[in-house]
Amino acid sequence: MSSATLAGLVGAALVGLGLYGVIADPQPLRKILAFNLIGSGVFLVFGIVARKGAAAGLSADPVPQAMVITGIVVAFAASALAVALTLRLFEETGRATLRPDAGTKPPDDGADAE
Amino acid sequence: MTEGASAFAATAGGSLLALPILVPAAGVLLSFLLGGRQAERIALALMPVQFGFAVAIASLIWRSGQPLVYVLGGYAPPLGIALRADGFSAVMLVTTSLIMPAAGLYARTNFATPNDGTERRAPLVFWTLLQAIQAALSLIFLGGDLFNLYVALELLTFAAAPLVCLDGRPETLAAALRYLMFALFGALFYLLGVALLYGAYGTLDIVLLSRQIRAEPAVWLAAGLMTAGLLAKTALFPLHLWLPPAHANAPAAASAVLSGLVVKGSFFLIVRLWFNVLPALPNAVPGAILAALGSAAILAGSALALRQERLKLLIAYSTVAQIGYLFLMFPLASGPWSAEAFSGGVMQALSHAFAKAAMFLSAGLIAESLGHDRIAGLGGAGRAMPVTFLALGLGGLSLMGLPPSGGFAAKWLLMKASIEAGQWVWAVVMLAGGLLAGGYLYRVLAPALSGNRPRLKSPPRRSRENVALALALAAVLLAFAPPTFFAFLQIGRPAAGAALR
Amino acid sequence: MSVLQALDVGLAFLVFAVAAWTVFAPGPFAATVGYVVYGLLLSLVWIRLFAVDVALTEAAIGSGVTGVLLIGAAARLRGAETTPAEEALTGLTRLFAAGLCLLVAAALAAVVLLLPDQGPTLAPQSMERLPETGLGNPVTAVLIAFRSFDTMLEKVVLVLGVVGVWSLAADRYWGGAPGEARAERPEPTLAFFAQVLAPIGILVGVHVFWVGADEPGGAFQGGAILAAMWMIVMMARLTEAPQASAFWLRLALIAGPAVFLAAGVAGAVVAGGFFAYPPGLAKPLILFIETFMTFTIAVTLPMLVAGPPRREPRR
Amino acid sequence: MSLALDLFSIAAISAGVFFFLAGTVGLLRFPDALSRLHALTKADNLGLGLIVLGLLPRAESLLAALMLVAIWALVQLAGATAAQLIGRAVRRKGPAI
């Protein structure tokens, strides 16, 4: 098995692990971590695609590599936004939760709480 | 790639395609740089420009009868990126460029910068992100490369999520965070599918891919992952949980854009995926699954809307239901009746965009005038603010699918297609959905139109009522779309029955 | 099995194990630390895939800057770790989730195994058109020339990220500075560290950016290193974050995408198409754009980590 | 000559790996934060130092050799700072960390 295929299998496993974390862990910060795992799994799939596209004297196809670099930066920005939201939520409520009914209070109640 | 050359001969006027993306993007940067009142000025000044671009693109397509193509940087696909506009893109562009200024005009009251010009948080963020949504949607409608469209999806997420929690109340923060999580999940699954497609074919250009796609495991998995991701962003049942709190808690002008336009962005990509990228896949089973989920969305969303106590939540749940209709086109849009089903689906997207924007703006006016939006407290409100409730009612007409309205035209076309295809079950669901919609609208309108006039905190401004009414009238007017309109929608659409090839 | 293969297998297991730790670790802080380790291991995997540009980006941004962001968040979230009972998933749901995830991972693994050893590639086309750009690093050429539209828009995404993070400020803090104020007496150890490291780091960052034209490196990686230096100086509280209303800061945040966009539009006037470079002038133009991009990344990443403004603006 | 250099490299790198191993075992087995720190510094200092020493004769150019030394020096700096900060945190908050 080539190291590229191996990396691809790790990527697949990371997507599965991350997905489990996203679904099963109720804490937003843990979900953000899990999202980053899925992200790196996806990037690894791009990585083996790039490696298997070695040609023309290059040891990997540059196009998917460029996409991964773009993806890593976007993933960081997404993490930053999610972290900022989580922290603000924690400051406002003393807890960080994604409970669905947290959003169903009428606005006048919310104004009182503030 | 010589055989592909013709697909990338940039058409005359093709360079026009870059402008509806670049101009609002420049607007975002300038608004953020100059800050203060400039953000609002730039956003409002660029809206007519955007409308001009959309109309110019549509008329070029109409005159040539061909899709417009533009190759960026002179690097033709598969190495570079192409932009393409077909009839469907043009129609969505025009719709966006009409709803955006409506939301903008309405929002001027809520997001005004104080007279001394001090920069305030909410106005700066709102006007900047409104332009970002415009740029992202333009790119979604025009993008011809699947990775470029991923960037567009992310742009849309980053522009839309902060709007949900603009007022900073804790429940809106939770709603925004949930929305962000679903959107990130959607974008990552979409991206995973993109990786697999590139691995299989070495290109991400939609036209080049569609020529090579074969039904093989990598393609099926990619299609499944990308569809699942896009469904999460479109909020199709059972991935709809994020939508009602997010759309119901955002400021009214933002809700109008989010519910009317933003969810259509990811829906548009699902259509692109199945009709433009994967026409070679046998789509009977996936189409039926999508339509079944759509049916469940119609029934569950409508039933939940019936039980809501707040007007904005009711309207948000009705979005969940109306999104369901969009997906009924998928099992019907291959075969001889395909044009009808496709037109019906597009018509539903357009009429819902106008109707839902009108309803959210009306609901915003009601909430501001009464100081609340509890349905139980709406008694007689219709007499106090008739124009607002007229806009709400006309929008509702379209949701129910009663004539004359764009919603009626959409549901009629879809129903006709489903009966011609012998797939009765979708028609039954549509009828049931229409009845349920009638039910939840009756709950709002019946008490509002009877009883004593309540005392208003402040009467709604006539100009803002007119904005909502204009949108609602647009939804009604769609019923009178001439046959040429439907012919226009077919421009650039891959031949029906490409699956049979 | 050769030594290298054995190392690959070991690395693969290690990455997987640390990833599993970040999902199942008992506390969020431990999980976050696990994630940083994971990011570093991952950059080794990228080197084994011969993607050195990606490895640098992963180490600098994926592990480094993201690590600072997440560890900071985990520290501030102490006290919120306990999950209320009503939010914990039932065993059955967990089982269902696990089944679903296994299914996705298995399907993905199967497809990955089915991919041909010599896959389709754009490497020849990239090399064929590389001379037009005057660059030697094909990955940089893809980012700044062949798919420059992606890259420009992704820079706009970063600006939106800052707008989104700032939008979470309380109204009274709008326009103020994020993070902590400059300390009268900075922590001596950290201050010494920052004073020694920052000049070296800035040199390295500029070097990585500059060689990116021909060798692994470039605007993203160099910018991330510069960003890290600014973050260290701020962490040592030798300096404080600028006010969100500062014009120069806004200008710095948009400079990269703005110059990129302007060059793209100028291409339509002088080179016959949006985002086209005039022949012969491609390389200087690309370096010009990249300079601004590097600078903007160096400013944007610390601002995203610093979070929303938390102090009242000074006039 | 080259044989001698090879032997030197092997010996130095093996010794470096040994210190890393010892440091890691210490990190895992030692009871409290301060003694774990003590174990880690051995890995940082000696382990990495010996590996860099072993790699020096194999460097392709003087620049590459200087880079190797610079890496070692930077890790020293970072390790010393981190150890200081952790040590201080332990003293302030007690060894429970």
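Chains: A, B, C and D, in written order; residue numbering restarts at 1 for each.
Everything that follows uses one rule, which is that a contact is a pair of C-beta atoms (placed from the backbone, for glycine too) under 8 Å apart; a residue touches a chain by one contact, two chains touch by 3 or more.
All of these numbers come straight from a predicted model, not from anything done at the bench.
Here the two chains linked by the largest count of contacting C-beta pairs are A-C.
Chain centres here are C-alpha means, and the one lying farthest from subunit B is D.
The geometric centre of subunit B is 31 Å away from that of subunit C, both derived from CA atoms. Averaged C-alpha coordinates give centres for subunit C and subunit D that are 27 Å from one another. Subunit A and subunit B have centres, each the mean of its CA atoms, that are 25 Å apart.
Within subunit C, the positions touching two or more other chains are listed as 108, 115, 119-122, 126, 146-147, 150, 154, 157, 160-161, 164, 168. Multi-chain contact residues, meaning those touching two or more other chains, do not occur anywhere in subunit D. Of all residues in subunit B, those that touch two or more other chains are 79, 147, 151, 154, 158, 161-162, 165, 168, 173, 192, 196, 199, 202.
Chains touching one another form the pairs A-B, A-C, B-C, C-D. Residues 79, 147, 151, 154, 157-158, 161-162, 165, 168-178, 180-181, 184-185, 188, 191-192, 195-196, 198-199, 202, 241, 244-246, 248-249, 309-310, 313, 367, 371-374 of subunit B are the ones that touch subunit A when the two sit in their complex.
Residues of subunit B touching subunit C in their complex: 10, 15, 18, 21-22, 25-26, 28-29, 32-33, 35, 70-75, 78-81, 119-122, 125, 128-129, 132, 135, 139, 147-148, 151-152, 154-155, 158-159, 161-162, 165-166, 168, 173, 192, 196, 199-203, 217-218, 221. In the complex of the two chains, the subunit C residues touching subunit D come out as 187, 189-190, 192-193, 196-197, 200. For subunit D in complex with subunit C, the residues that touch the partner chain are 74, 77-78, 81, 84-85, 88. The part of subunit A that touches subunit B in the complex is made up of residues 15, 22, 28, 31, 35, 38-39, 41-42, 45-46, 48-49, 52-53, 63-64, 67, 70-71, 74, 77-78, 81-82, 85-86, 88-89, 92-93, 97-100, 102-108, 110-111, 113-114.
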